[in-house]
Amino acid sequence: MDTRKKIKTDNNKTKHPQYGMVVDLDKCTGCGACSVACAVENNQQPATPDMCSRTGNTWRMMYKVKNGEPFPDTKAVFVPMFCQQCDDPPCKYVCPQNAVELDPMTGIVAQIPERCFGCRYCHAACPYEARYFNWWDPKWPEGMEKTLNPDVSPRMRGVVEKCNFCHGRWQSARAKAAAEGRRELREDEYKTACQESCPTEAITFGDLRDPDSKVSKLVKDPDTFTILGRLGTKPKVFYRTTRSWVRRTVDRDIYSENKEKVHG
Amino acid sequence: MFPWVHEFRPELGHLIFTGGFAMVFVIVMTTIVIVFKKVYEIYKQRAVEKIAWQAAFEDFPTFNKRCRYEISGLFNERTCNNYFDCRECAVNKQLLEKGIPEKALAAAGDDGNTEIFGLNIPLDRMYHRGHTWVKQDEDGNYLVGLDDFGKRLIGKPENIELPEIGSKLHANGTAWKVKRGKADTRILSPIDGEVIETGDPEKGWYLKIKSEPDNVDTSHLLKHGKEIKAWFMKELERLQFALATDGVGASLADGGVLIDDLPKSNPDADWDGVYGEIFLEP
Amino acid sequence: MDLPSDVSDVISNRIEYGEAIIMSKTFNRRDIIKLVGGGLAGMVFTPIPWKLLDDISIWTQNWSWIPVPPKGEINSKYSICTICTAGCGIRARCVAGQPVSLWGIKDHPVNDGALCPLGFGGHHLAYHPARLRHPVKLVNDNNTITTTEADRDDIISIIADTIANIGSGRSNEIVAALDNRPGRTVSFAYRKLLAEIPNGMYVTTGSNGTDSMEGFSEITGENVNTFGFNIEKAKTIVSFGAPLMEGWGIPGRVYGAMKNGIHDKQFKLIQVEPRFSHSASVADQWIPVTPGTEAIFALGIAHVLIKQNFVEEVDESYKNLVAEYTPQRVSDITGIRRELIVDTARSLATNGPALILCGREPAGGPFSREEQIPIWGLNSLLGNIGPDKMIVPRNPVPAGKSFQDTELATVTKLSDVPDKSIRVLIIDESESGNAIPWQLIERKLVPDKAFVVSLSPYLVGMTKRAHYVVPAPTHLESYQDIPPSFDARTATYAVSAPMYTPPDKVTEPVEFLKLIAEKTGSDMPTGSYTDLIRERAGEIHKKNRGWVYNPTNGRITETADILSERQFWGLLNDGGYWIDEPVNDTQVTVKSLFGSVGKEKLKSKLDDISRPNLALQVKYPVMLVPFGWRGVVDSGPVTPLISKLYQESEFRQGTNRALIHPDTGSLYRLRKDRPAKIITEAGELTVRVEFNDSIRPGVVHVALGPDQDRITGVKEVKIKENVLSVSAVNGHGTWRSTPARIQTV
Amino acid sequence: MDKQLQVRGTTRMEFRKFITYLIPWFIVLGIGLYAMYLVFRYGLNHTNMDNRFAFGLWIYFDLAIIALGAGAFFTGLLLYVFKREEFKSVINSAVIIGFICYSGAIAALVVDVGQPLRAWFTLYRPNAHSMLAEVTFCLTLYLAVLAVEYVPIVLKNRKLKQIPSFLVFEFKLHKFMPILAGIGALLSFFHQGSLGGMFGVLNGQPFSFRETVLVFPSTFFLFILSAIAAGPSFIMLTTWLVSKISGKKLVTKNVFMSLGKISGILLLVYVLFKSIDSLYWLNKTSPAVGFTVADHYGYAPFGIWILLLEVIVLGLIPALILINKKFREKMHWLLTGAFLACAGIALNRFVTTIQTLSLPTLPFADFLTYSPTWEEVAIFLMVIAYGVIVYSFSFRYLPLFPQERELNSK
């Protein structure tokens, strides 16, 4: 019995947009602009001197993934990894105090820092390592707090945070649309910071429910896939590549590889 | 958890979850409340001393809970389950109604001796299992004293804490407290009643209890010589056992006679433990 | 007023009743406890405790030291990024006038929406902890720097006195200004002042990228500032070490090529580089040549191109030279398979237009002149040079009126300055984004007597070596003009309009120069820096050429249609970008494929470079090769949030991280994540070992990243050793690889 | 005065000696409290946990001591509900060990969370789907139950029971022990299970994800089984240890043997189910999502040996030792069996927490290792010191072993 399929999602009932993202790995140059733009947009704290890659707070973490071959046959691809906004988010089901919610209005997995008490069970649950705990008190150099984004509250020490598809931008966009008397957002009205920052436009973002949106068209592309989709968490972030080695390396599916071997 | 808390989910799973825990919580709390209520009731009935004795009694090893009729040979083996209060014992009642103990003890006969291993056991009085005796005085009131066995155990107490005149005593409740060296114990009261006068070791008695002849039930006390002596023999056995616990080779007797002041002659023994054992205070 | 009797009864009863309660003597302690207990129990059924609980939970999330972002009216301002020489257009999202984020501008003709990670944090720089807000005197005590506030006039007096001394004596000592970003209005001001005073010398480093075009200059005999690259048109780019993906030229242009061409196979990048660099990772093909043999590989390509008749006419002597570099020989030297050499040459010829770029590793410096010549030569062989081709001529940007028809100091390359000659050095320290080892500058200074003044707004990097600092306004604090990046197709011009007010005691470098002029009695234009920039904009407007891009509405207007200078200036103020017409009428002729070096000398030099020095290899068996990303290898501050790429991820290597092949590591008994010592002729450096099997065995790549003081500032300012301190810097200003030894600590 | 507080008829070491023996433990406690201060004041950056290794020594420790502390509820269940009177002689000690284990675990948990001030949110607005919410509820309530069970033992202190009303309260409360034991057992079953379920439900971690049996993942039941199998063994070991340290006989051997037998039988059942579960997981559950044995056991040092060690050396072998009467009659075999059983359960909890987090799930993530900081170790030792201190005082002043006096007479 596969319980993973049994978990119901609230979203099947909703008619609201369900936001998703496609990252084109062939276009990503790994410049890192998205990581910094994301940090600026979401008021992520700068590193303390003792921070390291394992204790940092990088909602949008860049990985350089290699094909496993040594010099001189090495190839690499850059994979930005962040909350995959699963439709069956394992983090949501494990959170003891409802600090993680699947927003039916957007399909965004929201992390509510005000409710979080920092047990980090969600870290253990997340296969994408996309959750970040505030191991330190957030500190900005003197005066720099003036540059904080007014749409996003800084989080405090001891709570978990993660990518939320720039939820603050969604709220601003909604407020703007509401002021114009509209309830629905246009595709270009709500963009994530990483999407906006990407110099090669490797990121496509939009409503997965809208069959005409760029993102839902891309999702149908056979070159588009999810990472660890077979775990059944139904991520709403997709990756795209036309390079077979990239796909094999990034989404190492031993099961299907074995099948391939049997057939050929 | 609560319907009025933001984000309350009226889902079945949530309700089962919180309901289940609420139930467990209620059960635990109810238990505690019931216990408090019971304690309060006991207070109201002024039965605290009685219940306290019962609680202590529960902790005795079986060895210490022998029925008086086992000691006197009426039963082969019987453990008291009535907190040494024969007045409320149904078996005792039946036995007494049929006069069986009387008959059996009479049949065994008594040699009239009032001394065992040098212990003086006058048979003109009734004995309680906490080593006190009760004797009706000339004025009809009851005198309460420590028996010879108890005297020798305590020897010369450094401190005796007697109840105030006018205080009510309950059988098996605390009568007075004694302290000897590092050891101390409370002496159980043999009967119910009001203290009207206090004595001291010199006088030979400690308390005078107001006579209320109609009310005083002494059926729980040892009266028959045979029974009393059998019990003393058992008590000597218990004393030996109690002293052995500590591994101190205590010498109890001097020429077949129990030493007058046992703690003095065996200062290393754990007298505190022995007192607890013999005076029934675990 | 009379009340009805029943009412007054009720009232009086109530009073009596109330009095009864107050007067009651039975109200004892037990009652109080009961009341309180009952009250507490009853409270549970009121909203009070639940509200209280909620309040507590809110309180626990609002600790006073968690900053609350200020609110205010939100609008956009447009300007130009001045962090490096690229000059990207930026849009600032401002809250009550305060920029809270910077963005690239979509469809911008220069950077096409792209901004590098450093640019995204540009608005943090004004608040950088290493910021200096007044002039300081620096004391270096055993590499620990202490500062005391200094008076600007005193510093100027010292400089003026020294200048006077030099002028009076027959000294050869030089008064120099070091400018990493030539071509700005302030650059002209430097040149003007230095022309006025005795032994004045205007020095540039070429670190803005032009140092990698020296070879091009050699073969064409042209000034590199009048050429650009037609990246957008290239179908294939062969990059000889050019860090196209690490922030080369205007990064947005390369990204634009990726964006538009990657899925249509319209754009192919071949990276010729010993290291599996960032660009090599992104490239379609990585050609991992042995370090130092890039030029030989270029000759191998030339050999194939000529042999297979992909090239029409070539100078016979060049043919002779190239003939020696058969694919087999090149393969032996470079370690690249023969077939790959042939294939690369073929794809260049067939999948054209192909652009050959020769680049500068941001940390590792440029190729030497001799290495550059054959690489740029390939462009000549492919017929790439000329209007509308791959390497196109462009017009120079006119100087402002004050700097026309007047004597300006000539531009001297740092490597051409005589050693131990500079007595007074003014470091402009507008960063080019690329590294300059301090040794390169230090060897030019008069020992013990040199006086170094930095105009940097921050106490970081090279400024720590100065004696005095007169801080300038920083990024987005004052008007700056943006000359074209070295790779720009046409001339461009823009003005970075300020968004912040600078602190009181900072000095615009032009004002500083004017004060020196005043003290030394030299002639200098009187206008403020803004005036001088505006003057230059006026000159450009007068030329009546090209277009202006207006980011506020995305419109492009012909300069000819902008009637007034005022309007032109206004447009530039709003982040407008002037873009010149392409130059179509100039034919570029290649003078000599050997440059000024000559065939024999070139050949012997290249053979020297590519021949392993066995004697040296015994003592120094490994090759130390520095690497880094543009913008973080130079000496300016960076946004604290760059930690997301360095510290808080394993994405980029921080300073002194050494990448070593595991085999090399085990050969020298190194351990992962442990310190190791690198020893070169220049000294010793402790690095942290990182094993990486994509690294060439026998090579140690050591990262040059931002130091902690450049990211978040430090309490104690120190001069720290890095890979540049132990790299061998040769006379031509390159330090790409250094023979070294590595051992455990 | 000290003697007056001790149980009548027992002898304890001299007061000065007792304090001297406790001083090192108090020092450990003090260091731990300082570490606790550092963590509360400056945050969890004083640990070596990180975003992936979000659980470290403390959670492992919690899981292990909660499993070993299961002896408390299980002995209570056997004594009060199933009327196995022989366990009367260890019940008091078991309750105190349970109390120490659970309160210690909660102390470690409070340090472990980022915002302990908000810990009550779980009770206030719980997520019923979360195993951790269940654990929190059960732990809180069960700790309360344990405290209620502890109270009568404290009230039996010689001085305290001279206050008659205390004795009466104790007496009446004792009458309700079966209810409390039953509730305690229910809560314990749930939280032991939920602790296992915590990891069994993680469908994002194929190493720990297990199939569901009756709403709960199989680890739910395995954790209960393993806890009740190890609990009696742990009670045996601690009783033996206390007996060794104090130089007193505390319980009769038949109690040890009974404990051993129960442990053995349950352990055998556990090993059987654990084997079935492991085989099913390795051959069905995990391959279904593309994870093979090599993904789980291919990273040094966590080879397949760790599974074999857990199931055979520290599972099957102690089970067989404890089940066999001949072995059981020999004290050293009995203790060896009990020790192996406890070690097996400790290893199981280690694998469940640490190995899960060590192994990469993301195809391009690395295998990670983790070593605790001194603060983590200090707080871990602090909880142990706290346990030793509480137990030592309890042993000195409270009647833990009713058989003691009898057994120590000549």
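The letters A, B, C and D name the chains in turn, as written, and every chain counts its residues from 1.
One rule holds in what follows: contacts are C-beta pairs under 8 Å (C-beta built on N, C-alpha and C of every residue); 3 or more make two chains touch, one makes a residue touch a chain.
Only a predicted model underlies this, so the values are computations on that prediction, with no experimental measurement involved.
*Asks:* Quick one: most central chain, C-alpha centroids?
*Replies:* A
*Asks:* More contacting C-beta pairs: B-D or A-D?
*Replies:* Higher C-beta contact count between the two pairs: A-D.
*Asks:* Need the CA-centroid distance for the pair chain B / chain D, whole Å please.
*Replies:* Using C-alpha averages as centres, the distance is 40 Å.
*Asks:* For chain B and chain C, let me know how many angstrom lie between their CA-based centres, rounded off.
*Replies:* Each chain's C-alpha centroid was found; their separation is 94 Å.
*Asks:* Taking each chain's centre as the mean position of its Cα atoms, how many Å separate chain A from chain B?
*Replies:* Comparing mean C-alpha positions, chain B is 75 Å from chain A.
*Asks:* Specify, in ascending order, the residues of chain D that touch 2 or more different other chains.
*Replies:* 115, 117-118, 121, 124-126, 129, 133
*Asks:* By the touch rule stated above, which residues of chain C touch at least two different other chains?
*Replies:* Residue numbers touching two or more other chains: 57.
*Asks:* Pull out every residue in chain B that's touching 2 or more other chains.
*Replies:* Chain B, residues with two or more chain partners: 2, 5-7.
*Asks:* Considering only the defined contacts, which chain B positions touch chain D in the complex?
*Replies:* That would be residues 1-2, 5-9, 11, 13-14, 16-18, 21, 24-25, 27-28, 31-32, 34-36, 38-39, 42-43, 48-49, 51-52, 54-56, 58-59, 61, 63, 182, 184, 186, 241-242, 244-247, 270, 272-273, 275-277, 281-282 of chain B.
*Asks:* Residues of chain A touching chain D in their complex?
*Replies:* Listed in rising order, the residues of chain A that touch chain D are 1-4, 48, 50, 52, 54-56, 63, 65, 79, 81, 90, 92-98, 115-121, 123-129, 131-137, 156-160, 227-228, 230-233, 249-256.
*Asks:* Inside the complex, what are the residues of chain C that reach chain A?
*Replies:* 57-58, 61, 63, 65-72, 74, 95, 98-104, 112-121, 123-124, 126-129, 245, 247, 251-252, 255-256, 258-259, 262-263, 276, 278, 281-282, 286, 288, 639-645, 647-652, 661, 693-697, 708, 711-713
*Asks:* Please output the residues of chain D touching chain B within their complex, sorted ascending.
*Replies:* Where chain D meets chain B, its residues are 3-4, 8-11, 123-126, 128-129, 133-134, 137, 141, 144-145, 148, 156, 161-162, 164-165, 167-174, 176, 179-180, 183, 186-187, 399, 402, 405-406, 408-410.
*Asks:* If you look only at chain A, which of its residues touch chain C in the complex?
*Replies:* Against chain C, the touching part of chain A is residues 24, 26-27, 29-33, 35-41, 43-44, 46-47, 49, 51-53, 55-58, 60-64, 66, 70-72, 74-78, 113-115, 137-138, 140-150, 152-156, 159, 193, 196-197, 199-202, 242.
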